[in-house]
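Chains: A, B, C and D, in written order; residue numbering restarts at 1 for each.
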Amino acid sequence: MHHEVRPSGYHNTLGPHDPILWVHSGDRITTDTVDARGFDHLRDQVAIRGNPMTGPFAVQEAEPGDALAVRILEITPSRTYGFTTASTAPHCVEPAFAASLPPNDLVEWRIDLAARQVHLVAPRPASCPELVLPLDPMLGCFGVAPARNQAISTATSGPYGGNMDYRACRAGAAIAFPVSTPGGLFYLGDVHAVQGDGEISGNGVEVSARVTFELHLLKQYELQWPRLIDSVGIATIGNARPLDQATQICTTEMLRWLPQEFGLEPAAAHLWLQQTVRYEVGNIFDPAYTMACRLPREFLPTSGPQPLLNLVRPWL
Amino acid sequence: MHHEVRPSGYHNTLGPHDPILWVHSGDRITTDTVDARGFDHLRDQVAIRGNPMTGPFAVQEAEPGDALAVRILEITPSRTYGFTTASTAPHCVEPAFAASLPPNDLVEWRIDLAARQVHLVAPRPASCPELVLPLDPMLGCFGVAPARNQAISTATSGPYGGNMDYRACRAGAAIAFPVSTPGGLFYLGDVHAVQGDGEISGNGVEVSARVTFELHLLKQYELQWPRLIDSVGIATIGNARPLDQATQICTTEMLRWLPQEFGLEPAAAHLWLQQTVRYEVGNIFDPAYTMACRLPREFLPTSGPQPLLNLVRPWL
Amino acid sequence: MHHEVRPSGYHNTLGPHDPILWVHSGDRITTDTVDARGFDHLRDQVAIRGNPMTGPFAVQEAEPGDALAVRILEITPSRTYGFTTASTAPHCVEPAFAASLPPNDLVEWRIDLAARQVHLVAPRPASCPELVLPLDPMLGCFGVAPARNQAISTATSGPYGGNMDYRACRAGAAIAFPVSTPGGLFYLGDVHAVQGDGEISGNGVEVSARVTFELHLLKQYELQWPRLIDSVGIATIGNARPLDQATQICTTEMLRWLPQEFGLEPAAAHLWLQQTVRYEVGNIFDPAYTMACRLPREFLPTSGPQPLLNLVRPWL
Amino acid sequence: MHHEVRPSGYHNTLGPHDPILWVHSGDRITTDTVDARGFDHLRDQVAIRGNPMTGPFAVQEAEPGDALAVRILEITPSRTYGFTTASTAPHCVEPAFAASLPPNDLVEWRIDLAARQVHLVAPRPASCPELVLPLDPMLGCFGVAPARNQAISTATSGPYGGNMDYRACRAGAAIAFPVSTPGGLFYLGDVHAVQGDGEISGNGVEVSARVTFELHLLKQYELQWPRLIDSVGIATIGNARPLDQATQICTTEMLRWLPQEFGLEPAAAHLWLQQTVRYEVGNIFDPAYTMACRLPREFLPTSGPQPLLNLVRPWL
């Protein structure tokens, strides 16, 4: 079933809020998201600044112990205006360099949907050549309600997802989260028209958007951190600070996933991963940093039950 | 001029050791490296374990304040036997997971130069499918003598290079280092037939190799950390722990490089980088971790004096 | 006014929960806390494991922009049974050492209130001499409702306090928090009969307790992180991971406090602190680590308005 | 035997330099150190800036596998002029606060040996009350030649000691290092008349000094990191970045020391330490940070062979 949902309110925490819609596993949803400061497609502020979320969407029969996978079908910016801020963040440069950062003014970008491009508009310093980037929309912040009935700010992230700002979270990807609350309670927002790795200025090109996705339930499936499947391969996502801990987390989650998905013994999982692994950086700006541990498609084993890959198989 | 050099001794530190050869800027050198444990192409141990280096090679007129760039022309494993160890390192996984790591036994790999493949040989657990990886040789450890007359173990890395284990350091890449000592004193070794990001088991597929490279001197060129140019684009390299600090370093070095190379004002460099930057992980195993900050080729400005790009321009 | 409050329920998050009592600034409260696993003075489990909190207590007229200070008057364990677990945590030792940790069994301690001692009871390995420690009760977890309507697990900590496990939080200390919610909403629990620095096994000697404290409101007083005053001097508290960030936070908060409290210019605050500062470690076990930046009593300036010191002056 | 040694040269690395004196285990040495910038008691610059070291002193029969303990008998500033710099270091405060640091000007302090005081002289901002601190001289940088024939800058530290800036390294303390080179090769310098924890401005009150110490050899004694004994108790010292890693190191070294010194089984060492441990911060300024893990004197077991305590027993 395909639901079209017009959001009437927004949340600045991921938590046990009342669902705006109950769906069945496999249902498709199209809805709208506002930008990171709460502005919609008309540039009207309709929500409180700080990654206001559309949702939550609850899935029938989702319970703790299950996995909830979102398959992202389409992310389309709903306006031409995008913004970032001008300076790299102080904590993303060497401390002694932080005193020389430029003013962190608002920067305007223009999204050209037809050409699938993002243009730097203003201010553009005299020495700065024209800058045109390929449009590459992604979800900056999305996930499910956290464990222990917490309600956690959309500024940060955790095992439940949240503000990960990982460029791979684009149309075509499926991301699975551990369910901690009945219904799972899926939220989304903070779309970026394009983003560099690390989100080092604290923003991608921030836009409102229309998003279409499906929610799929995998009963009794153990995972501790988000897992992603796309045309590049598979990835696990760790959210923590320092980046070292995020890296330990995603590496460990991959070492748990390989036996579970492909039937490798643990020792084989270590062997398999050591020379094939890739790392990708989500954000290094938020309270928790995001690192992804990737196994490229060409190195995926073909063995094992593949419960998560099977769930998304028809799409890939 | 092209020098063929047969090394007669090796160093386990990068430091102010006597040069084995003085060359002129632009000279080409072909030499041999032993593997990380000191074994040569005959599998005879000829050097002390711990990344023994071939070199140093001194460049006429190189002085502090200059940059010394190595252009890597060819890296060819000089034997079919490669090795790794079986387990992911304890500090690369979550601490509570470290108690369940498999024994860290030696693992044998076979390099097939003709097919340009690397095969996992043994031990291969029953559940482990056959694993064949594309050959992708790289320099694990190389660089110049450090500042302040230090002699630093080849286990670690710093502004002078060292044990960075960054996969982009393959044939076709040029890497520039700050000169701290007359002659610069370039060292190389620790070749990997293939390596995953992070070098999470503490090794790539370790081999002896024959390496051909050129050394180019750029007078009065200020850089604080290694800079790399290849067909993918440009990159700066930070070596430190935690990974956060390595990331701050390479990001800052890129924000210094963009004005110097392309004539961007500092504010323009920040703007230019924020949505185009990519990060790549070198090692997360050694005492200092390695992160690279990349600007892909398609996003390079065409402005400015481009002193470092010009140095390597004929090759790219 | 002195309120005696028998808690009827407990919370495992600090958040915008309904107050169990509204008090006036300056009121005194005596209440009971259960241990970290939810067991009371009779060793009956009456709350859910994971630092269940007594509270919240709301203070009339407390609003965002104010500070809420708790003066701890008395902490008395309400039973003789205390527990810890046997092993140092894997993340508190070197990663390669983590594989050799002993089983993390429950350990029993006995609190002797009359002698003010804490005895290690069992299991006690043959080689382990008798171990008797001075009783030194403290609040492991306490604080106010976090900003942005968040409800955050009592496993961790932040600007609002929480699970800091800092030994200085004992009777005689006053700790101020930033108010984020009308009423402030103060919580307390997780009493330790004694604790080492760092809480390296993940626990102090965990007990239920009776606690007496006062809540004082300081209107329009800006602070970003908890501030503590006791007979040793003053301290600021940073909660973050890695410990480096917690240290940056508490140092910065002290550099903000000195001008505000003692009328020092910022440059004078830097000078004043550099050779007098002390650091104290709270926990290095929880998701956020805790570091305190101290200025000892003998080095306190006597200048300035001293708004926070004046608030607690009569007691010290 | 008591040697009076007038240094004729200085080293800015700890490494395999030629000894200026060979002594026997137990010998006493009195010598002079210059300040961190190479100025002597006459304020003449006689050495290169950056913690120039007096030494090395070699001990007969010291070999890898042994421990070399220095007993510090006296540290006396040899002039009245001391200096620091005015600002807290950018990496010791929150990144966003770093842009507001004051100019890092030189600050003059006056050492009053008779009164055992250190006075802040100038510049002293108008709002800054007079500041007089108790004299508390300590060795900022000292240690032995590192492993693997390295020569490492005195800016940093490691298992061999170095620039630890730990306040407990004062007269009355004994510190043991692992010997990596025949003779051990002991260096010392960088005396501070007084220092705050963390060395957050990058300096204690820097002075030249006269130092008297003894060197004692403990044959075949395994230790991996420096160990300290003083009237407060015992401590292990970890040098690394981030501070988390330094903390893991010193905690682990203590968990190795307790069985070796007091005959505790490993499981007993964990139990013994968990509620008695204290942490002390050395520097958080240098490339490697320093954390000490302490067991206070009142909690020392009386069991076991106590090889290191016996070595220094007559003095304590």
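The rule is simple: contacts are C-beta pairs under 8 Å (C-beta built on N, C-alpha and C of every residue); 3 or more make two chains touch, one makes a residue touch a chain.
Predicted model, so just to flag it, every value in this text is computed and none were measured.
Common partners of chain C and chain D, by the touch rule above, are A, B.
When you average the Cα atoms of each chain and compare centres, the chain farthest from chain B turns out to be C. To fit its Cα atoms onto chain C, chain A must turn through 180 degrees, a value rounded to the nearest 5. Centre-to-centre, using mean CA coordinates, chain B is 35 Å away from chain D. As a whole-number value, the distance joining the C-alpha centres of chain A and chain D reads 47 Å.
Residues of chain A in contact with two or more other chains: 91, 95, 101, 241-242. Residue ranges on chain D touching chain B, taken from their complex, read 12-13, 15, 50, 147-153, 240-242, 245. On the side of chain A, the complex with chain B involves touching residues 84, 86-88, 91-95, 97, 100-102, 107, 118, 120, 124-129, 131, 133, 194-198, 200-201, 204-205, 241-244, 247-249, 251-252, 255, 263-268, 270-281, 284, 289, 299, 301-303. Considering their complex, residues 89-91, 95-96, 98-99, 101, 242 of chain D touch chain A.
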